[in-house]
Each structure stands twice: as C-alpha cells, then as structure tokens.
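In the part that follows, the structures are each spelled out as structure tokens.
In what comes next, chain A is part of two complexes: it sits with chain B in the first one and with chain C in the second one.
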Partner chain A sequence: MDRMLDLDEDAFQHPTIMDDILPEDFLNDDEPLGTLWTRLDSDQIIYQPQRRKATMVGKYLKGETLGEGSYGKVKEVLDSENLCRRAVKILKKGRLRKIPNGEQNVKREISLLKRLSNKNVIQLIEVLYHEEKQKMYMIMEYCSGNLQEMLESVPEKKFPLWQAHMYFTQLIDGLEYLHSQGIVHKDIKPGNLLVTTDGTLKITDLGVAEALDYFQEDDICKTSQGSPAFQPPEIANGLDSFHGFKVDVWSSGVTLYNIITGKYPFEGDNVYRLFETIGKGVFTIPDTGDPSVEDLIRGMLTYDPVKRLKIQQIKHHNWYRKKISRTTEYVMPPPLPDSDDPLRCMTVIPYLEAFHCGEEYDEEEEYEDGEFFVEQPGPSGQGAAQQPGTPSPKLKDKKSKRKKIPVRKFTFGSCKQQ
Partner chain B sequence: MPLFGKSQKTPQEMVKNLKEAISQISREDKKGEKASDDVSKNLVLMKTLLYGAGDQEPQSEQVAQLAQEIYNSKLLLLLIQSLHRIDFEGKKDVAQIFNNVLRRQIATRSPTVEHICTQPEILFTLMKGYEQQEIALNCGMMLRECCRYEALAKIMLYSEEFYNFFRYVEVSTFDIASDAFSTFKELLTRHKILCAEFLEANYGRVFDQYQALLNSENYVTRRQALKLLGELLLDRHNFTTMTRYISNPDNLKLMMNMLREKSRNIQFEAFHVFKVFVANPNKPKPILDILLRNKEKLVDFLTKFHTDRSEDEQFNDEKAYLIKQIKELKAPDEH
Partner chain C sequence: MSLMQCYCSSKKSVPEADIEEPLYRKPRSRRESPSWSSSSASDRASTSSASNYNMVDFRPRPEDYQIFTVIGHACNEQATISLAKHIPSGTHITIRRINLEECDIDFGILQHEILASKQFAHSNILPLYSAFIHNKELWAVMPLMGYGSCRDLVCHAQFTEGLPELAIAFILRDVLQALEYIHAKGFIHRGIRASHILVSANGQVRLSGMRYMLDTIVGGAKEHVVHDYPTTAIKSLHWMAPEILEQNMAGYDNKSDIYSIGITACELANGCVPFADMPLTLMLLEKMSGTTPRLLDNTTVPDYIMEENQNMEGGTDSGILRDSEGNSRGDTIKYQRIFSSHFHEFVESCLKRDPTERPTATDLLSHSFFKQVKKKSTEAYLPNLLIPVQPLTDATKLPKDDSAVGSLVDRLKDTDLGEQWSF
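On to the complex of A and B.
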C-alpha cells in the first residue's frame, strides 16, 4: 500500500523504471534534464518504500499541507473521534517571535475567535499546545480554498457575476456579524475569505482585528496593519484615527472590485506609490456589463468615510438584493500544489490506510492487475503542467484529471462526498 | 399535453377550483368530504407546478401566471384563514407553496413581499396561528420565512400581535413554545438596525414583558430568555438599549439573583449580563450603591463562582476583571 501511494505521489521526483529504453539511447538524447530515464534491472533495486507515516496531533490525524502562511503551515486533519474534516494551523513559537506583533496577534485572534459564532466567520474548534516542540495548533473548520487562490487559478482572474454575488452577500453578512460584536476586521481581502465545500464563505484571519470596548460609543480606531492595496484613503493619508467599520466597508469594496473585474482599483510599484494613488481616491471601473454593481462599488469606495455606504445601506442596495441566476461558469478551488486532484479529496485517507494496514499488505499480490496504474503520468512532462501559478483546470477538465489519481479513487471512491 | 390522463389545468383553473373547494370545506355532509379531497388535490397540483416534479424543472411562465393569480384572488389569506380545516398533508403543502411564492424574485423586486405588505392581515393571521395547536408549527415555518424580509419583519414587530409572543413562548406544549421562541428571536435579531430602532422606541413595553419571561416558572423559558437578553445587550447595534438597561437597578438585582439560581447554566448566562453592569465605566448612582453595599459578598461569591471552568480562559479573565473592578469600587466623594 505504502509503495503504491508513494509511486503515485512521488513520480515527479523519482526516476521511473522503464524497460524499453536502452541507456545508450538517452545518452544521445538532448531532451531537457527533466525527462531523464534511468534503466535499472529489477534485481538492482534496493526496495525501500518511503513510509507515509501517520502522525497525530491530539485526537487529530494529519493529512497533507493545505497552505503556508508566514506563521507556519496549515494542514488538513481528521478528527479521529467524530470523523469531522478539519484544518490545523501550526504555529511555531520561534517563527512567531520574528514577526512583528506575531505572538500578540495570534493571542488576540484566538481570544476573538473563541467568542464568535456565525455561519460566515471561521470557527475555531480548539487550540492545542506542544510545549517541547514549542508549537501551537489551532484546529479550525475545514475549508476547501480561499478566494485568492481560486482567482489566480483562472486566466481572467475573476469570478462570473453570480459567483461573485454569492460570495459578496455572505461577506457582508459575516461582516455585519463581526461589527455587531464590536470587531473591526481591518484585513478583508480575497486571501482572507475561505470557502467550504458547500460554497459557504468564511471570513478568516483576525490577526490584526480590533475589538472595540463595549462602552465605546463610536468605532474610532487608531492602528491598522492590513494589506496596503485594500486600505482606505484615511489610512493611506496617515490619519491618526478613523472609523473602523468604514475601513472594512472600503476593503470589501476593493474585494468586490477585484473579484468582479480581476483588477485592483488602486495600484502602485511600492507601498508609497500605492498609498499616493489611494490617497487621491481616483479610480475607474472597467465595464462589467452591470451598472448596478458599478454603482455599489462606487458607494463602497467613497472617499469620505462619513459618506461611504454603511453595511445596512449595502444590504439595501439593488445589486445586493438582486437575484442573479447561476450559470454553468464556475471557478473551483485549484488542486493543492503537490497534487492534481481537482476535487480536493480528503488527503488524510492515505495516512489512515498507512496507519491501519500499512504492513499487512502484500503489495505485489494485492495490486497485480494494476488497472489503476495505467494512467501513471510520465516523470516530468505532466509535472510541469501543475506548477503553481499555472491556470488550474475548470470543471470540464475533471474527467481527464481524475484518471491521474487512481489510487485514491480505487480504494476510497466515496471520499469525494466528504 | 400528456397522452394519457387529464389535460393539464391552467394556473387560473387551479386557483379557482381551490377557492371553490375551500368555501365548501366546512360542510359536514358528502360535499364537504369531496371539497376536502379537492383542496388536497389542487394543493398538490400547485406544489408540483412551483417545485417541478421529478426531473422536470418548474416552468417559469406557469409559475409567474400562478403567482399573479394568487395575488389577484387573495388566495394566501384565504389559505391561512382556513388552514385548520385542511388535512395534515395539505397543511404542509400550504406552507411549502407559501414559502416558494414568497421567495419569488424578479430582478431586485420581491412581488410576494410587496403583496403581503398590502395585506398585512396575512401576517397577523399567521402570528395568531400559534394559538391553534394543529396549525402552530405550519404557521411557524411560514412566519420565519417572512422574517427574512425586512419589510415584513417590520410590520410584525410594530404590530399589537407581536406582544402575544410573550405568551406563546410559554405555552405548555413544548414544541410550540420553542417554535414560537425561535420566531420571536428571529424577529428581534435578524435585521439589526430595524431591531435596534424597535427596541429603542418600545423599550418600556418590551422590557416590562421581557421581565416576566426572566421570572418565568418554566426553566426553559427562563434560560432561553436570559440567553437572548445577553445576545441583545452585547450586540453593538443595541448600544442605546444596553446603556438604558444597565442603568436600571431592578435589572441588576434580577441578575444578581439569577447568579445564585440552582441551575448552573442560568448562573453562567446571568454572569454574561451581570458583567456589563460592572464593566460600565459610567455607573449611575443607584447601580453603584447596590454594588458597593454587596462589595464583600460579591467578591467572595465571584471568587468561588464556577471555579471548575479552568479551561475557559476568557471566562476566567473576565471573572478576574470583575473581581478587580468590584474590589476597587469607591463611593463617590460627597460634597
């Protein structure tokens, strides 16, 4: 079992054994390095299956890496008690110390998340600590991807209108909740908006969020550490204090602009230039074919924070209330960097198999007929197609892609329903 | 046109037949029985037209015609008024038809919502539905769908009928009481600004009655009401209401008593309301007096309060904060 899976996953790194090519042939070949074939007789192979070792964090069984932030990795995990699919954010103390305000931000995020409960805000399940390893594990709801990576996976870098509408309305609902709890997020952007397998949007990363005092009547804030391209003019111009909720409205406006046009309203070669452009507040909207969304964007990107739309006004806006029929166009989260599984099936499964039946299997006999081996991709040609940054396949490519993940399909055909 | 079976009825015919059948349904004789069958049959036809059958998608042309006919004939009100006479399956069909037509949207317009706004009687009849056991839950389903629309929620909140909810949430049938409570909560929390304005404008009347829920004999009512109170007060939209609530010494006394309730759950919920009184930087004199008078006792009580919640950092932080605050309380200088 182990060997099988390793071949499948590591085929891009390890030379594949080919019997029908003689060494002389390839020595004279001028193919680029990537396509090197090595001939090895079977008796020369010292067979050492690379072990896929099942590791646990508390009651959670670890799977593959879902993403990597500045704090550490995010991995998929499976709750071994209730079989819930979760994600774990692994934070290393050493790394955290090097980031300005790192520890403080994480502490704040945890305390905020603990008291929040809303459909459109990421839920923190629990926090585990490992003193010796100096690690901290934040167990969160599982999401299949964030809007940023979804946008980057398609050439036009934008969503069809209906999909953008579906996410935007949920963003506003989540934001309304955060604001009702006195929390200013301060870092709304596609990269901080996750999507679950059923299309529910979850606002995440409250690392730089600010909780207002219960008894503070207004929403005046004094600090901001959000992403520059999404900051409003009052911050770009360096004002001492500003209305927190209106900062989130502005960032949501930039987000809406971005997911609908594939562009940014304000750009600059560096932060200074960028802030200079934002500070002027002049922008144009490319034609979207929908005047009402352009009107909404203008309302949300109003220079004067007092005149800028409130959440309430956004909810009353025609575009927000509009019903946009779903089309067949749909942007999915791309496969994970080292995988080509467009469905993002549960990556814990192979580890689970390794955990339970790794040694008992007699590989040769079990998989002799090798039907699921047929489409094994070549060593590098296929690998190149999945470099990060290349556009990922949309739904229609599913069939051809599916064949390349035969092992998982063979053993756990039902896992995609998870 | 189907090859076998009867020809398809037009939406107009469906509505007409249904109306006629309903007018006969209360008769005790054979005709009444037949009418009852006809009602059920026509409701199924309508439901199929709206939801589609099997693989067949509903046809938008037909749906539009049916909706228009429903508005013109004022069928919704009639259906709801006669709901108790319709059989079990039929009641469920009515709720499904109602909710489907309600969700209808043409671009930014919701024609059914507009229709109901001109006939608020529909909403009031639905709200009174909680008084009839056999239709209460069906009405509840329709009401919560109505709550999603701000215009409808507003009519309900500002109606006399709203205050009946304080009664409905306490009825002896548990499932009806909890259904009524979820509608009640939805009305008070769904549309933030609307709710905040409503609470401010009707503070006295609402909180007078709310007090009764907090003092209810029924444990479930007490606990749910307390939890909702906490949510309402800690929602920033209700800032004005919160400051008003925590200025009233009677409310503080009530919370202090609830801190000592038998049920740990109620104690815990009460803690989350109580903390707001203490954290308030501008405590009015009556509030401050009560806290000062009970200073020692409170510190002692809080120190021993839910000490087994050692895992809950937030709670422990808040508790420590409250104890510190209370210890530091000083009577204002007398001049």
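On to the complex of A and C.
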C-alpha cells in the first residue's frame, strides 16, 4: 500500500516534461497540468475506493486530496483536538529543489503568511516538518475551492454579475490589506483566489509575492514571476522596474474581466505572442449589460501604470459601491473529482472509520479507547505512538483492568459500509 | 420606550460598555413578558425577585469590591471566580478575574463575551454588572449563583446518576425561555451545557457562557445559515450539533442550540455527558452516522444492554453505554427509575439528526414535558428538589469580614464545588 502511494506521488515529480506542450501552462499556470496527471493515476493505476488508511500529520488526520499545486499535493485534514477542518499543503524537499527559486519562494511565503491576518487573506495555522521524509506540511484554513475550478465547472466559464461583484469586492479588500502591509502579491488570478464554505474569498499563494522594504519610499519592484496572462504591459515589455501595487491592480482587472465575461482580455498562442498583445494594451470588452463595470475594467487595465486606478479609486468606483441583489443563479465550488457531493462534506470520515473501527473486528479484538498506535509521519518523526484523544480518568481506570490490545494498523474501513 | 428605559438603567451602571441597542428586537411573546414588558425599572427589579441587584450601581472601580475567597475556576483554569462584596451596597457578588498577560485566550473573544452579555436583559440570562481592567486583570462582576452550575449539581454525591425529572423540567424550561429570547434577537448560543446553566441560592436559573455566541444579523439582514466554526470551543464540542461539526457548505442555524439542549437534558438526567467516554474523533463519527443518545432509565437501559451484547457479536458499536457498564450502583438506579414518556420524546425531538426536524425553542416551551411545571415558579420549587445540596452561600449569611472566611471555606468543601465554574 505504502509503495503504491509513493508511486502515485512519484508520478508528479517530473512535471517539467510537459512544460512546453500545454498552452494552458502559461495561461493558467500549473493547475491543469496536475489535474491531468491525477486523472491518469486514479483511473488506471491505483484507484481503489475501498482502501483507506488513517495517517496523521502531528495532530491532524489526513483526508482526500483537494488539489495539486506545482510544489505538491493539498489534502484535507481534520484537527483531532478541536475537530476543525483544515487543508495541508505537502511540500517535498526534493521536488522543491527542481523548481527554480522553489525553496526560496516557500520560505518567503511562510514568513509572509505568518505575519498576516485578514479575513480575505488565507491564514497559515502552523508549519510542521518531517526531517526523515524531507517533507514540510503547511496547515492552512480549509477552503472548498478556487475561482478557477468554479469557472471551469460551468459551460459559460463566468459568474453571474452579483457573484462576481461579491468576490471582486473581497479581492480588493484583501489586496488593500496586503498593500497596507507593504506586500505586492504579483500573482493575482482566479486560480489563486480560494472560497471558503460560506463564500468568503481568500487570497492565497504568496510564493512570488514581494515584501517591500520598510524604508522604501515607493512601490518599485524589479522582478516578477507571475502568470503571463495576468501581467501588465510594463512587465510584458520587459521594463527593468515597475510599480508593484499597480501590477496587482492590473491582474485584478484581468481577473474581473475573466470572471465577468468568461474570456481573457489578452490571448496568444505562446508566451511571446501573448506578451506582444499585452504590450500593445489593446482589448475589447464583450457586452456585459452593465456599463459601469466596463468603465471599471478600463480603469484598471489602463496602459500607463501612473494613470491606472489605485485601490482607493477602485473602492470609490460606482460599481464597487453598487449593491447588486442576489439572483437564483449561483456557481458553487464543484465536487471533488471522483465524488458527487456538492455539499463538500468532510472527506476525513472514511479515514476516521478506518482509524476507529479498522481491523479490530476482523481480529475479534476488543476496541480500546485511549490507545492508538498509528504509523505517524508527524513532525516528531520516528513513527511513534500517538494519542489523539485522552479518555476521562474515570474511564481509564476501568479500561486498564482489561487486556490492552493496541490497534496497530488501519487499512480497511470495514466496520461501517457507506 | 420601556425597552429604552431598561437599557438606560443598565447602561448607567456600566459606562464603559457602550453598546447600541439593536433595532431588530422583535416584539416579545406572551411567555417572556413578566421580566420585560414592565414599564419601569423598579417593576422589573421586583419581578427578577429576591434582590435589588438591578437597582445597584456597580461601578467599574476595583476599590468598590472586597474579594473574599476563590470559589472556582473558569476558562480552562485561566480565570478565577471569587466571592466578593460590593462595598457601597453591601451585596455579595462573584468576580471573575482573568490575567490578560498570562492567559492564551484571544482578547477578542473575551471582548465579544462582554459585549454579547451586555446586549441581553432577561431574567434567565446571567447578567454582567460590570467589566473593567485592573492591574493586568479583566474583572467581570456577576451575581452570586449559590448552587453553582448544573454541572456542579450533577457532580454532587446525591445526583451522580442524574437530577430528578421535575428539577430538570424546571431548569430546561427556564433555559429554553432564555434561548427563545436569544434566538429572537438573532443570536446562536453555541455553548449550551450544564456547566453554563447556573442556579442561584433562591432557585433562579440563569444561562451563561456567552463566549461563543454568534450574531447571525449581518448588515441588518438575518443570515439563514452560518458557517463559522468555533475553533476555541474545545470543551463544548460534545454538546455541539452534528451540522456544526460537519463544517460543510450547508452550514447551520439556531436549531443547533436545540441539539445542545437535548445533550444537556441527557447530561442532567444521566449524570454524564453522552459521548464523553470516547475520543473527539470517534464522537464526531458517531454523531455523523446518526447515533442519538438517550435517557437512561428502566425503559432504555435493558435495550442498551441487549444492544451492547449484540454489538459484541454483530460488530457494530453504539458507543454510548460504555460508562455505565461496570458501574453496578449506577446501573441499578438507571435500571429502576422511569422517566416520563414526555421527557423521552422531548429528548428525541431535540436530538434529530436533521436540524429541520427539530422543534424551535418556542415549540419546545409548549411541549407536554413542561406540563408538570406549568404555572409553577422555579424559585418556589427548585431549591426543595435539590435537597440535600446546600447552596454555596446565602447572601444574608455571608461573613461580614475576613475573619469568617475560614468557616466559609469549610462550608465550601461540603458543597463540593470541585468542577469548574464556567461562566
């Protein structure tokens, strides 16, 4: 079982071979690439729905994979102490080294996230390390999906106006906070905007973000690693330095254009063509039925960064301040692959069943409350025994009279069929 | 207008907690009227019997309070509950002190608790007289609740197997009255459990534990469902409804409090909290798979034993009765007593897995379970039902100076307040 899982992860270790083949790669970064490989794996190689094995990362119990980034998998986890759903970004050191600036970007992202706290910026709960496995686990808030996935789940690839407005205002609020902290995100795009179960937008992926120096007087930046389709003309034209905050305004403008029309303002067959189109800065807006949003998009996609709208100007724009009443049209985060659960219930539950009920009935052994001997790839390492819940003292006494049977490994969710 | 008067009088007593009176207060139903619709503050004071606390001006000045002795702890042992005297009026009160520099509770949560408490004025909700910061400590001045919490009552030797049904009916009726009021104001309590239900020496039942209170009114409109997960409410998880724990897109609403009422009813009747004997993750699994706790009495205990035997053979695990097996005395009591069918039905309806099938607080108040306490005041009956438990102290019998504290401490030992007081 272990080896099979490893195989599955090894398959992601060489994503670079596809780099120059897929046009989406530069349009939408790395997500489609990952998804492609996932499907291949789960359909043909190892997909076995019956097999569940409970694994822990520290106090967190692992569930299903939520998504796939360039650095590694994102899985759902359950905090066994307060039963809160979380997401874990699993980073493999070996894989990070193969990505240009990989380790450096991750370090920067962690240091930035640690000092940020805003409703519309993803919260990093904690970071766990596993030296032996050379893995790093970033525990984050749980989100049910990103805007890109949601857009792709509907044929017209766009949101109803009220929903786009709801997300856009939150994006600007989050961005205002980031800028107030002297941080330029540099990679705003639907794929980096997550949505929680209650529809709150969270800006994520600060891997290529830049924290301005405290004593820097302006927002001049010199490097950019963001997704090409969302880059402003000054970067497309290869300028040495540019205004950082205005880069984020431009990418937010492209994002707004994208979630409202379902299209991109600038397109090209490859990065060079794309940059050429962006460099000219000429685009058209399909009819949206709302002239004020078109005006806002034009303001945000102004060629000259100096004349481009500032965050404060966006917040004073009529469309931003407008109240758009909710219609029945609503794009939900799509169910996970291989699942048809639109409510996005906990995927940890089958693992929990394996954890609590696994095997001991096969062996006709009595269930033991407080004792969990589980292979534990936590930060403490050594696969030590883990006690996720402590039984009440009263109970401990009573139980200790009985024979203690440690439940060693859980592989099958056998006791309760779904 | 009457509401405004009530509010003004309370606002005067706590100048620093400046809270706008919400505009969304709904007209109150007939049942709640005694404490509220009265036209003046004095009327109100007379209905919230026995004391004139409401007339006393509790100022946020530490020199006004003389602290006697610590009578309990709260908030994960990080807060001390002390018996104290309000010097200007001579009334005895309790003060909860939290050292803000040493506690790991988010200050925002404490602030939220105080603000929420100040928004409520109901005879079944623990009032907060005053709150202020003194020497790194947050002081919260509250009335003295002589019997402590219902958790303390259940911990008393006499009631380890649960309180008598009639007492539970009185307690739950009053809690539901408070809950009906809280829900009408658009809040979800999220922390209903026996340790948050306090009983005063004269038998008044008051709901506390406002820390995890959630306001569902956002921007003037009531949210139909909410998704907020109380990550710090670890101790209340056993009482929480499955839909809160589920944290999916469906969210939850104020029906989750009704589920907590059901669990609390089991706690009061059985003497132990359902699912308390298992790890949290297993509790989650049990709640998700629709396991509903029941009252343990002559009608259900034999079932359980049979189920348990079947489980041993069949391999499914109900996971409820583990704490009662092996405890022969408790089993006998549980085997002999009989709760009314109304009570069983009450608990069953509260613990429905589907929140839409659960009744509202208002529905529950007209449940047949409360027929036995109809038109009877809790103050008149409850203290008698709680004999032999002695209230912690009577406001009149309190020591007048420090010299008498020793004897009081002895009495405290008798009253067995070992469990935490969760205000």
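The rule we apply is simple: the second predicted complex is superposed on the first by the 307 of 418 C-alpha atoms of A that agree within 3 Å, B and C clash if a C-alpha of one lies under 4 Å from a C-alpha of the other, contacts with A are read in each partner's own complex, and residues count from 1 in each chain.
Definition applied: a contact is a pair of C-beta atoms (placed from the backbone, for glycine too) under 8 Å apart; a residue touches a chain by one contact, two chains touch by 3 or more.
This structure is a prediction, so every number in the text was calculated from the model and none was measured.
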| item | value |
| --- | --- |
| Which superposed partner A:322 touches (first chain B, second chain C, both, neither) | first |
| Partner chain in contact with A:132 - chain B first, chain C second, else both or neither | neither |
| Touched partner set for A:80, first chain B, second chain C, both or neither | second |
| Partner contacting more residues of chain A (chain B vs chain C) | C |
| First, second, both or neither for A:312, with chain B first and chain C second | first |
| Which of chain B and chain C A:217 touches, first, second, both or neither | first |
| Contacts of A:111 with chain B and chain C, given as first, second, both or neither | first |
| Chain B versus chain C as contact partner of A:352, first or second or both or neither | second |
| Touched partner set for A:176, first chain B, second chain C, both or neither | first |
| Of all residues in chain A, those that touch chain C in their complex | 61, 78-85, 142, 144, 196-198, 332-333, 342-346, 349, 352-353, 355-357, 361, 367, 369-370, 372, 388-392, 394-395, 398, 415-416 |
| In the complex, chain B residues that touch chain A | 105-108, 192-193, 234-237, 239, 276, 279-282, 313-314 |
| In the complex with chain A, residue positions of chain C that touch it | 226-229, 231-234, 237, 245-251, 276-282, 284-285, 288-289, 315-317, 322-323, 326 |
| Touching residues (chain side chain A, partner chain B) in the complex | 111, 114-115, 176, 179-182, 212, 214-215, 217, 312, 318, 321-323 |
